[in-house]
Amino acid sequence: MTAVRRPSGRPADAMRVVSLETGVNKYAEGACLARFGDTHVLCTATVESRVPSWMKGSGRGWVTAEYGMLPRSTDERTDREAARGRQGGRTLEIQRLIGRALRAVTRLEALGEVQIKLDCDVLQADGGTRTAAITGGYVALAQACRHLQAIKAITEWPLTDHVAAVSCGLYRGMAVTDLDYAEDSTADADANFVMTGAGALVEVQATAEGATFSETELMQLLALARKATGELVEAQRRAIG
Amino acid sequence: MTAVRRPSGRPADAMRVVSLETGVNKYAEGACLARFGDTHVLCTATVESRVPSWMKGSGRGWVTAEYGMLPRSTDERTDREAARGRQGGRTLEIQRLIGRALRAVTRLEALGEVQIKLDCDVLQADGGTRTAAITGGYVALAQACRHLQAIKAITEWPLTDHVAAVSCGLYRGMAVTDLDYAEDSTADADANFVMTGAGALVEVQATAEGATFSETELMQLLALARKATGELVEAQRRAIG
Amino acid sequence: MTAVRRPSGRPADAMRVVSLETGVNKYAEGACLARFGDTHVLCTATVESRVPSWMKGSGRGWVTAEYGMLPRSTDERTDREAARGRQGGRTLEIQRLIGRALRAVTRLEALGEVQIKLDCDVLQADGGTRTAAITGGYVALAQACRHLQAIKAITEWPLTDHVAAVSCGLYRGMAVTDLDYAEDSTADADANFVMTGAGALVEVQATAEGATFSETELMQLLALARKATGELVEAQRRAIG
Amino acid sequence: MTAVRRPSGRPADAMRVVSLETGVNKYAEGACLARFGDTHVLCTATVESRVPSWMKGSGRGWVTAEYGMLPRSTDERTDREAARGRQGGRTLEIQRLIGRALRAVTRLEALGEVQIKLDCDVLQADGGTRTAAITGGYVALAQACRHLQAIKAITEWPLTDHVAAVSCGLYRGMAVTDLDYAEDSTADADANFVMTGAGALVEVQATAEGATFSETELMQLLALARKATGELVEAQRRAIG
Amino acid sequence: MTAVRRPSGRPADAMRVVSLETGVNKYAEGACLARFGDTHVLCTATVESRVPSWMKGSGRGWVTAEYGMLPRSTDERTDREAARGRQGGRTLEIQRLIGRALRAVTRLEALGEVQIKLDCDVLQADGGTRTAAITGGYVALAQACRHLQAIKAITEWPLTDHVAAVSCGLYRGMAVTDLDYAEDSTADADANFVMTGAGALVEVQATAEGATFSETELMQLLALARKATGELVEAQRRAIG
Amino acid sequence: MTAVRRPSGRPADAMRVVSLETGVNKYAEGACLARFGDTHVLCTATVESRVPSWMKGSGRGWVTAEYGMLPRSTDERTDREAARGRQGGRTLEIQRLIGRALRAVTRLEALGEVQIKLDCDVLQADGGTRTAAITGGYVALAQACRHLQAIKAITEWPLTDHVAAVSCGLYRGMAVTDLDYAEDSTADADANFVMTGAGALVEVQATAEGATFSETELMQLLALARKATGELVEAQRRAIG
């Protein structure tokens, strides 16, 4: 297995260069430009006083996400979803995932009746956009919570832990961390792991398109993910300050 | 843990009564009414000579799926997606999952340039509709392949194995098999496993809404799923005959 | 005229085997699987406390219907309306007809401000789906009214009579009852009759695509419809019990 | 019954003032502004060389119709369907009816592979817009056929007869001709009759919203319609010249 | 420049025959059929008691416009926007322009919380539909204001001046007034001017598709527009009476 | 007039700090991040071999544009157009303008049958997004033309001149250059000027919402625009290199 060389030349357990840049939007209550190598996702958090209608009067808040890709974030231009008149299945699936991931570490009752909306827009895509969105989205969410604290809209800190995500996969039979597009498009299996700062699992989505994988392989991927999310949580801490 | 009693009274590792009834549609090339207890999903397979445009000339076929729920398949009536004018994110996510699961055991090059479309329509829902759809969809798919064989449109058997799916979860801290709605709506974590007849993994989707789970718990759920999908594959064999 | 033989071999005035099966849905306030031969329509009735906005405060209720076809209910697969993003003209026309037919025998003021929604979903189509939907929809509606009576939401019985429907037509010049698809697709004229238990007319829709018909022929079709709806009303009585 | 007075003061068997004005559009191959009293419908016929895809290569033509209402054609402004993003059920139902009516008198094989599209736009509505549309649409269609003849695109006259339509109904128990809005909105039953110049029936749509009607009453309405469509056919002859 | 002859033979500074006909709709609070030569636009004004939600409680009113074209208002039939399911960019752009133009001469605070909706529907198009819509729309708006005055819904006259519009352009290098379609489709530059009765500018939209124009040319077009809108304002005065 | 102070403190004829940054997208054939102060628009150019169907076989190319705003590019979050299912009128109007502006300096016949699509996505909005989009879009377009030249797809340089745009307006009666949001939202009139490097006019869109302006004021705005677009063209030259 030592003979397999990743297209990027990275070791099997090495993430791409990660950067979580804040201060990138003058309006939003929270904002983070998450870069995993050439994958760039701009995440903003908006605090809204209006919760979904089915939550009204519950005294609890909500955290939700929307996801989009700029048309030329991809190698071949992708049609604009606004022009096509509907969001595709992949978009809806990803934004549901981001929302679940962030809610897993949020005590909604501590927010009061407030909704925090995360917009995750991909400026450039090179694999792993959803995991970058979750990781950067957490930073924007934390900033928005700080804002709520600063204006005394909340009294308790609503986040119970960090949450970060990484995609690992089987590339030519080898378990590798943080797939880029060159790896992702030829991988036998691809698994997204969402984990907390404490190392608990929030979500596992392991998929083998046209292939299968074993329990042992799943465990290998999980071990890689644990190491990588640990590093991402460190980067989040530095970004939030 | 022995103190936890499931709402249905089932043992932790017991599926609901499963029935895979064939001969339920006079037109389709394959058809199966899959029942997991009170969850009833009508699966039909349609053979079309037209493949998606990006496959034309490739000499390979395609397998895809659509999913829908009748409005009163649920306890509270759900608005008809045709009337709302769009399929929701959950629908799109499920039909993508069904398609991937079935393609994982299909050698597309053995189909020739033919598309097989699985329609999975939920007549009654009581949890686990997507796993019933995959399990029954496989039966309809196998019948459609038989049909292609009978009319000599294919020369090799295109399916490499069975594929079946089950949802397991943590109910009051206990790992249990085949969640029904009463369990699903209060479960701490919910995991869908798609597995082949040989026990290989095709897809794992483990989710904790507002909670987390450990690696050990994931392994427990996987063990339950392995046993359950083994039983489902047996039921598929009997149905296909 | 004695020389004309129907594809099914039925006498001119004979309906297909009719079955109105109840107890087919565990959630709905009323449910009936109506079978006219190979035409199978699942009808459910849902009681909603919310009436259309233009009726609010009127003290009266409303009865409405939605209609859909499963994609492979037809010989050739029909695209899913939810996927196409809109209900076609035929669908809208049929569901308006079903609603009008059922309201014709309902005293809306006796319902209170309650809406009863009939969902009529075609599982298998072999001609006459709209007439099966009306006939089975009435059974589901009656069950929903019983439910309202049982929970003491209404004090008077709101239905003034039965309502049932049948399609008759001119097949090779001969007036025949209950057209199946083989007849319908080649008929010179096709007429849907909606009638009450007392034999009064609720709706007549007689159409000649690419042909015409005479007043005498219309009367012949009406006579056949009177006999057939009489039988359907009997079947309804047995189903409701 | 002699005591019933119509809101307009018209005798039971009298139509409103009818006018079928031609020469009202400088571009269309046929055009007629049909006025039934205060109901004004602008009908244009467009000849297109492109037939629907399912007719290609058949050597036959097609006649179809579209229907619309200007927002302030009605007493209360109606929302623009283009702004709402979809045509309502009533619109689709009416334009299907107009198309069927006109095709009933057209030998499609005599048209060659040509489509004639009738646009029927209601400038002002006072009841009976669909019957005015059919009656005026026939005039526009006949002009378009003349145009095809003039340019020698066809060799045989493709229309087999006139077709005209009128709405009759039961107003306070009395059968009356050509309902205007004041009558239509309170009528017990409303029937649209489409008839040929020879008096044959093309379509009967008789509806009782919240009521029923008898066979005898249907016959009375039919007799009135026969007289009225006879007059309309005369008006068509004068318009076409 | 004297050698250039306009297709219509008109002098450079001559408008087409203009007619602003009132009394063309029995329901609307204001109505005007504006004809600029063969361009015919039916404008109706509707008074609604409901203002847009963002204006509620402001004590001010609103004036807005919708624009549409009948399918055969054009030489080649244009698809119906209601059938396509969305209004095109050109339509939206034009109706925004009409609304802004009319609001420029309306004191919204004098209307009270009332919305006036102008519907401008093109019956026949031969260039300049938007300028005819603004010019005729003003007449309908003024009538609607008279109506509000008559029913004592307003106490002050809300219109501060007339507003009218004309399209001028560079045709074969010559500045000409009121482009018809033959000129518009080959013009080097096309400018729409919206002006008040006092000669003030409300809107200038000068466009050169595939070309450019100079400041001097812009001034020439403006001078032509000033003369033409003066004539249009006179026609408005006569129409309003 | 000297007493009027702009919110930003800028002199009347001073633009905000302008930056046209290239190298901001690794996939696109051309890319420029245009910054006019706090207004940031990411412009990418995509070369496609497919032209619109109405151009096929013409031997000419096409240049078109799409425009979008990230939801939190604005002070209050704006709903995502992809989620709403349609692009608004403002979006369509702006993207039509950008396309016209760029085509005005492109010889389409020199492109061959190639389409260049400009995507202009607003990352942060503070007034003047459409003018920044045109100015930055030109840079991306020029890079895409260089790319076509480099791969020898074209032999002649297809751009005839630069094109740039600026918004000027009347702020408290004073003509000022490059309105930011604080000025734009309270300006009496707002005019967008699109000009070439040679100073010719491509498009003038001058609008007075709820007010009017004089010919003299229009000339003042035009003089300011001439100076500003001259500076922008210089910045383009430096960016293109």
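Every chain is named by a letter (A, B, C, D, E and F) in the order it is written, and numbering of its residues begins at 1.
Here is the rule we use: contacts are C-beta pairs under 8 Å (C-beta built on N, C-alpha and C of every residue); 3 or more make two chains touch, one makes a residue touch a chain.
This one's a predicted model, so the numbers in the text were calculated from it and none came from an experiment.
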* Would you mind checking the shortest number of contact hops between chain A and chain D? => 3
* To do: Would you mind checking the shortest number of contact hops between chain B and chain E?
  => 3
* To do: Would you mind working out whether chain C and chain D touch using mostly the same residue numbers, over half shared, or mostly different ones?
  => same
* Just going by residue numbers, which of B-C, A-F or C-D has an interface where over half the contact pairs are the same as at E-F? -> C-D
* Structure fact -> Cα superposition of chain A onto its copy chain E, rotation angle rounded to the nearest 5 degrees, comes out at 120
* Asked: Measuring centre to centre with C-alpha atoms, which chain is farthest from chain A?
  -> D
* **Between chain D and chain F, centroid-to-centroid distance (C-alpha), Å** => 51
* Quick one: chain D and chain E, Cα centre-to-centre, how many Å? -> 33
* Structure fact -> Residues of chain D that touch at least two other chains are 85-86
* So that we know how the chains sit together, what is the shape of their touch graph: line, ring, star, complete or other? -> ring
* **Ring path (origin chain B; first step to chain C)** => B, C, D, E, F, A
* **chain F residues touching chain A - in the complex, by the definition given at the top** => 25-28, 31, 38, 42, 44, 46, 48, 66, 68, 70-75, 77, 80-83, 85-87, 91, 117, 119, 121, 123-124
* **chain E to chain F touching residues, read off their complex** => 86, 88-90, 92-93, 95-96, 100, 103-104, 108, 191, 196, 200-215, 218-219, 222
